[in-house]
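Quick heads-up: structures coming right below.
Consider the two complexes below, in which subunit A is the common component and subunit B and subunit C are the respective partners.
After this line comes the complex of A and B, so read on.
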């Protein structure tokens, strides 16, 4: 069935037991389109048929006739579904500059959290999403190469291992989908995006801050400004298609970083980090020219 | 409906037709074009003919994305050739670029909007050791970790095991012939070196026009992968159309095909490009080529397989019959009997039997 996800109309298809239910649950607030002439991305997650149903069964994610992930074990359908969608967008939406970053928004300004896998990016993103910020994406920052605003997807947030418990402790309004154990990235589950974030998915956000994140157990929370040059290097390294866009990628990224305040953040405790981002330093960003540009 | 009336083939033959397509026709066309790797070709044609403003707005971002992607491929293949040239500057061999890299470097029409896989080069066989050493010193590593695979490549194939660049991750295939030793057709590769054309006076060369089309045909119909069969046939169509203007092109291809014993692949190539792309082929050429047809049952069987393989029938799901056709075409023609009697041949195809012997 066609579903509208941010700027994309997607068609989902699966023959795997439980996945359709999980998608229904996680994407409950998204609108299903009944009549639709054009689908941007057709994504399917299928279990191999024939003898493979019984002998060494496996599954494959195919987007637009192109394999995104193949031959992964049957216990990881939901994580691979989400990773498959990420890969589909990162591969086929080259008309955006796509950064590997979690994006949340307050008062129209986007906070982009950049970090490698295991840096606590999704945890912080989920923590802030349920504490006053609006979710745009936990993985993909879609930056317009024309006006540099960020387009929202508001898809579920992927949480791994310990961070799952930490986020569930935030309260009963946090709704998590089925948990997959023993995937390549350990235990994985997804958090349903808040209804408000899904309803406002068409509101784009102006780039406000970049936070280059690292998680260190038992470290004191530490926020330090970094130079724009350092920020550009690190963000480019974490981008999906910075190189693909060539000169346009460089221009867009440097212009976006120029309009943002950039920080390094080391943290170990989520509550401290939430308090920091809800404090004065990350209140309204008064960048007048940018507001006029919208 | 005739298979060759398929909407995607119509658009490739006559790009102006894009402006007349409805949104739902685009909806059917886009995933097919994407999975057969020709979407960036369609995007390039739309840009070139200035059609973007006439198309439904929903399709434009897809074409823009494909255009960006192809531009990246174009930059990458040129840089790769530049790096290979540098790495091999002290090795005394011409470096003949094959397929995509050759089309890009010699700015052929078919390079517009093309996406590239591995970079393929052809070097003299007696310089192969030096070439491999130089490439290893300049950052390329042999990808194959399996000893049997590596021996199979070195004994029976026409290329070294693929070499991957440690930093860029790009893959380079170093050939010393254009057909594997397991193939019944064996050609005198020296002839290709003799007529290769140097680029800007360097030792980087491309094949002469007749050799270029014959190689493209031999590659697809002897060892090709029909996963991107449509893209490869589109290349052939555009190469032929471009060389059509050269004096004596057709006669030299016919002579060369006989000299290199590549008459069979040339028969197939002309048959399918004419069928799919209506490539202009002179009647006298068709009469000569018709004599090169294989024995009766092969033609209708290959016809069916090629039709199944070039375009998927399903867009949401795996097209099982297409996969089957691709796999059959990949195993046809059968290898030489002599090769099938070696252990290495079977270990390559059934590696699980050799696992315990692995070091």
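After this line comes the complex of A and C, so read on.
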């Protein structure tokens, strides 16, 4: 099944029962492309063969002939599928500086939310996506190394454990795929990206803000400016290919940070965070023209 | 025993970016990224000009910052040399 996902064309293949249906549901709004079109990445998730499949069945994700994940249990097919796509893009799309960040957009300006696993990044991203912001990505910020604009990569949002319930409570317009229990990250499910975010995937965004996120239970919401140099240091640690790109990665990162306002944010309550980002402080930063994807 | 001469290890591969009073240095030789405050960045600039003994480093930095080369600055430069060496940015000239 060849599909266009943001700037990439991907061919999906699987022999796992139920996975194709789940992908069809989560990617319902995406464009199916012609089999003859150029395919950037061929990605497969296959159940392993041999005798072992009868004893302790496992699966493997392979992209462009390279193993992304191997020997994971069958009950985690969908999470590993999505993590495999992330790893594929992070590994092969070296014409971008790829940051481990959620990205949403309003009025042409990108808000990039940087944080390690468990920082509440995807929860905040989903909360804002369903409250006035456009989803660019919940996991990968694709920064052009030429003009430093952010390319959209709207895909299903991965939610874990308690955050899944919190986002489902936002309303019936939140469409959730199958739930996988007992993965390495606990209970995991995916939220279908809003149709508008998929339809506008060719609209790039101008970097506006970096937020270095920390979730702390019961903490008061606290937004503090951080110097751009300190932001560079933290974001560099959260970039997939910063080291691979070398000097180009450093120059791209410093230039994109230079155009942004940078903050540390500690939060525990999603409603408070949504109110913060929909307030005056994060209104239009610059008057920008929307950029068509290159 | 003559004083040790200190020099930057990958001088030709250092790329710097300054923002207000802070400087970020990318070492393309090692792939490491370092954060310098204003004074440490002046120390780095001193070493970019030439290799230095610790005494010369103190005097060069005092001149750059327009301050006296007093005991406090001596202690600061001693610590800075240790930190730069630990970060893989500095080596002795005979290394």
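Note that the second predicted complex is superposed on the first by the 284 of 294 C-alpha atoms of A that agree within 3 Å, B and C clash if a C-alpha of one lies under 4 Å from a C-alpha of the other, contacts with A are read in each partner's own complex, and residues count from 1 in each chain.
Please note the rule applied: a contact is a pair of C-beta atoms (placed from the backbone, for glycine too) under 8 Å apart; a residue touches a chain by one contact, two chains touch by 3 or more.
Nothing here was measured: the structure is a model prediction, and the numbers come from that model.
Looking at the shared chain after the overlay, A:246 reaches both subunit B and subunit C. Between subunit B and subunit C, it is B that contacts the larger number of residues in subunit A.
By the touch criterion defined above, A:227 reaches subunit C but does not reach subunit B. By the document's definition of touching, of the two partners only subunit C reaches A:258; subunit B does not. Of the two partner chains placed around the shared chain by superposition, subunit C is the only one that A:236 touches, whereas subunit B remains out of contact.
Overlap of the subunit B and subunit C interfaces on subunit A comprises residues 243, 246. Per the touch definition, subunit A reaches subunit B in the complex via residues 11, 13, 37-40, 42, 44, 46, 60, 62, 64-66, 92-95, 241, 243-246, 248.
Considering their complex, residues 15, 17, 19-20, 22-24, 26, 28, 31, 33, 35 of subunit C touch subunit A.
The residues of subunit B lying in touch with subunit A in their complex are 23-24, 26-27, 30-32, 34-35, 56, 58-59, 61-62, 64-66, 68-69, 71-72, 75, 312, 315-318. Only residues 227-230, 232-233, 236, 243, 246-247, 250-251, 254, 258 of subunit A touch subunit C when the two sit together in their complex.
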